[in-house]
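Heads up, there are several structures right after this.
Each of the two complexes below includes chain A, the first together with chain B, the second together with chain C.
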Partner chain A sequence: MNKLIANEMMKLVARKRLIVIGAIVGILVILFTFAQYKEVQTQRERLGTDDWRDSLQQQIIDMQNRLGSNRISDEWREQIQVSVQQLQFYLDQDINPNEPGAVSFVRMFIENSTDLFIPLLIMIVASDLVSSEHTLGSVKLLLTRPVKRWRILLSKYITLLLATSFIVAMTGLISYVLSGIVFGYHGWKAPIITGFVVEGSNVDTSRIKLISQWKFLLMDFGLVWFVAVVVGTLTFMLSVLIRSTAQSMGVMLASLISGAILNNMVSSWESAKYLFMVNLKLTNYLNGISPPIQGMTLLSSMLVLLVWWAVALILSFIVFTRQDVY
Partner chain B sequence: MIVLGKKSVRYITIIATTFSILWLLSFGWAIQNYYAGASNNEIKKQVNPKTIENKDQAFTIVALGDSLTRGTGDDSGKGYVGYVIDDLKQRFNGHVIVHNLAINGQVSSQLKEQVKQQNIQRQLAFADTIFLTIGANDLFQQGRTLENFDSAAIKIIKQNFIDNMRIIFADIRKVNSDAPIFFVGLYNPFFEADHTGVTSPTVHDWNRTAEDMSSSDPRIVFVPTFDIFQLFVNDYLYSDKFHPNQQGYRLIANRISPFIKWEGEGK
Partner chain C sequence: MSATTLSVRNLTKTIKRHKIIKGISFDLKEGEVFGFLGPNGAGKTTTIRMLVGLIRPTSGTIEICGYDVKKNFTKAMEKLGCIVENPELYPYLSGRENLLHFARMLPSIDAKRIAEVVEMVKLTERIDDKVKTYSLGMRQRLGIAQALLNRPKVLVLDEPTNGLDPAGIREMRVFIRELAENEGLSVLVSSHLLSEIQLLCDRVAIITKGNIITVDTVESLLSSQEQAIWQLEPSVKGKEILESLTEVTTLDDGCIVTVYDSFQIPKWNAALVHAGVQVLQLNRKTPVLEDLFLQLTDTGGAHIE
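Up next is the complex of A and B:
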């Protein structure tokens, strides 16, 4: 088994997928770092001060003004009301929610990439783990060896898990190193408020917890990793079923993008919460951002993802061990 | 560049395995922490770290109130606050900081709550000058007052307004005893729409009461605007027939900016 995994890892490294992924992350981080740097600067110019309390206050006032407009939808209004209350809470506690520094940047980056960017990176690896063997024809060489088929697939799946962990870690590391050049390598101990309970447009602050940012970051990474594993497994299944890298990638991409769109318009279609793609933003629960559909919780989202994961895994093993190869 | 060797593959495998374990643990921890309920370490009120004192380097303005201070109706989005700032920036070499805390549709009772907020009090304390427009939404209630005119109801509204204003001014003075407050009065946007002729006397009466009330403090400047809109109301109103347009705002700004002086001027 170890040898099989080593063999798969060798293929992964040889295809230079990880380097490509690293480059993509690097370019994106540079873009975002620049964008955020610009934003901080214009804000400073507009307000004339560096004090974060002034800009946070202005942010709250701007949101309150948006609430006054009658052209915004009810859900959007509710969301703004929730953010206003949370930011006001930060302000009252005299805690900066966006402590400048690379650590805050990593947190922001990773939270915003849970539902699309990180799954996309995982897909690059997962989509052709099996299907490329078909395309290259090497699947015959692999299957003619005196090893059980399920062992071969398992070794591929373990490789996928390892690659997922590696990519998530790499994303964190690259964004930390690159953004730190501009923002400075600090912010590990900045306090973060978690435990906001959102009910409609109201925020219950009675279960509030204060934790250091590094702890919060670690939890974020845990959740992001879980999402990445589920998406990776689904892609893996498609790669087994469809046997074509481009097609499995296309299907996966379509469902991920549809998830991003659905998130904004799904609130009245309750059974949509059983779709995996509206459950990807697990980090929102930690931040106290209300879920796209009423009644969704961290646990329910996790269970939905877990079911999808299990079905995908079982299906890929059944199909792979039974399918004809020619 | 990763050289394809057994070693580098092994290193990557080891690193990946370590992270797999770490992420799995963090994932479990995140769930556990999320559902653990409130921790026993209560949030301690953070000790106020240093407040950046910029009183001497720049002229600080805090603008409070409703859509007028926000600048609604001005195509450039500046409002009278923006035009005053433009003028001051020129005179003070750009050393102007503005905190525009106005909220569209705000009424005096909401403003009363707003000035009690800790951070807003902090900003007020540093203010060199304060702008204030409030009352239009109390009185007009989005035009409802005009539709069913009831002088008894207006009397109650006015009394509430005066009570609120006393508290607002007292709260401002508690943290900032000397900054001049420019309290902008109301105009009558319904000159043309109103055929009964009841709104103008009502607004006049309102302004008189507001001016009387604020005259107890010598550093509150009541800024009249009624006359600006009196003769050519449509020339200075935005298409919603309620808020001033760009020219209207400019005229209001002209009533304020000449009376702002700063010891740092000309530095």
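Up next is the complex of A and C:
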């Protein structure tokens, strides 16, 4: 098995996929770092102060002003109300929710990339692990070796898991190193509040916990990794079923983007919560952001994703071991 | 009688209720080159893909050195080397990396064996270059090297000379004959190029529409169809006499064609002379496999190159 995985790794490295992904992450991090830096600067100029309490207070006032307008939807209104209460809570506790520093940046970056950006990077690898062998025709050589087909597919899947872990870790590392140049490499111990329970427009703060940012970041990474694995497995399945890199990538991209759109409009469509793509923002549960559909919890979302993962994996193996190769 | 290395029995394949392969059987013996000949779409490739385990047969058995491909896949594949259509190796890897890749999928192949097969196909100088820089002939040779890594007993080559230039085809032919004669390999070669099969193979199976019509040695296939061509004067009278003795056809230039039967020919000749017909010319013509092939498959020339 190790030899088979070594083979897959050799092919992956030779095609320089991981380098491309690293470059994409690098460029994006630089962009975001610059944007963040600009934002901090303009805020400072506007408020004329360096104190985060003033800017937080200003943020709350802005939101309340928006609430006063009667042109915003109920759903949006609810979300803003929740945010206001959370920010107020931070202010009351005298904790800066946006502690400057590379660690906060990494947290912000990873949380925002969990439903689209990271899955996209994983797709670059997952979509052609199997289908590229078909396009190239090398599958005919691969499947006529004295190795059972399921072992070949398993070696590919393990390679995908390794690549997924590597990509998630690399994203964290690159964003830490690059943003640290501007924001400084600190913020590991900054306190973060988690455990907000959102019910409608009310925030229940009775079960909140104060934890260090590094612990919070670890949880974030765990959830992001989990999402990445599920999306990777789904793409992997499509790559087995469709045998075309472009098509499996297209299908996956379409469902991810539709998920991003659905997130904003499915609140009244209850059964949509069983779609994998509306369950990808797991990190939102940690931050106490209300889910797209009432009644969704971290556990239910993870369960839904787990079911999709298992079905995709089983289907991949059944199809791959039985299909005729022409 | 040498040992049977590949045995195919009543092989069928049905795709969407369409019977593509209709129950074919044949055997390969040690050290022989076996030709698989048929027009495009006859079922050559489907059969070959079933032999190498890429397609599941609907029914029938395939045994490689006694191991059933279906029940004992890994054992059977250890005895088999193959190239199905073009050798599609990884262009972004070097030749050596490609061989390493496939060696890792075989039990106990060391660097020495890799060097050995590279030497065999004469690729030593370019082996560390990326495959995308190789010519088609070199790729074909690397494909062969890959197929020989595990010291197979049976080598299956699907259209091995596809896309090669005449020198390359010749080189390939010599190489395949060497493998069969020196190493005792059984080689199954499929082709729609008749001249190639004729020069390369010991025995030929002719397949059309999913059936094997005939399996025989190239010589006996051809000799059974030898013709005698007569040029007679006067030809009308000569034709009448021959017609009374055997089946004849007349060519455009007035020559008369009968079967070549070394026992009958002198008698017919005597009959002609006796009747006062002059035999100006009598030629014995061995048909090329192509004529035979067209005759047997009855497809006309449209599909044959």
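By definition in this document, the second predicted complex is superposed on the first by the 326 of 326 C-alpha atoms of A that agree within 3 Å, B and C clash if a C-alpha of one lies under 4 Å from a C-alpha of the other, contacts with A are read in each partner's own complex, and residues count from 1 in each chain.
Here is the rule we use: a residue touches a chain if its C-beta (ideal position, glycine included) is under 8 Å from a C-beta of that chain, and two chains touch if they have at least 3 such contacts.
Predicted, not measured: the structure shown is a model, and the values here were computed from it.
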With both structures lined up on chain A, is it a clash or a fit for chain B and chain C?
fit
Calculate the angle at chain A, using C-alpha centres, between the directions toward chain B and chain C; round to the nearest 10 degrees.
160
Which superposed partner A:Lys140 touches (first chain B, second chain C, both, neither):
second
In the overlay, answer first, second, both or neither for which of chain B and chain C A:Phe221 touches.
first
Is A:Leu31 in contact with chain B, with chain C, with both, or with neither (first, second, both, neither)?
neither
In the superposed arrangement, does A:Ile257 touch chain B (first), chain C (second), both or neither?
neither
Just checking: does A:Asp50 make contact with chain B only, chain C only, both, or neither of them? Give me first, second, both or neither.
first
Would you sort A:Val307 into first (chain B), second (chain C), both or neither based on which partner it touches?
neither
Using the superposition described at the top, determine whether chain B or chain C touches more residues of chain A.
B
Kindly classify A:Lys148 by the partners it touches after superposition: chain B alone (first), chain C alone (second), both, or neither?
second
By the touch definition at the top of the document, which applies to A:Ser206: first (chain B), second (chain C), both, or neither?
first
In the superposed arrangement, does A:Val197 touch chain B (first), chain C (second), both or neither?
neither
By how many Å are the closest C-alpha atoms of chain B and chain C apart after the superposition?
10
Shared contact residues on chain A for chain B and chain C?
6, 10, 14
In their complex, what parts of chain A are in touch with chain C?
3-4, 6-7, 10-11, 14-15, 136-138, 140-148, 322, 324-326
Which chain A residues qualify as touching chain B in the complex?
5-6, 9-10, 13-14, 16, 18-19, 47-51, 53-54, 56-58, 61, 64-65, 68-69, 88, 91-95, 161-166, 168-169, 191, 193-195, 206-211, 218-223, 225-226, 285-286, 298-299, 302
Could you please specify the touching residues of chain C with respect to chain A in the complex?
49, 52-56, 73-78, 80, 82, 84-93, 97, 100-102, 104-107, 146, 150
Which positions of chain B touch chain A when the two form their complex?
1-2, 4, 8-10, 12-13, 15-17, 19-20, 22-31, 33-35, 37-39, 41, 43, 45-46, 48-49, 51-52, 54, 58, 70, 96-105, 117-120, 122-123
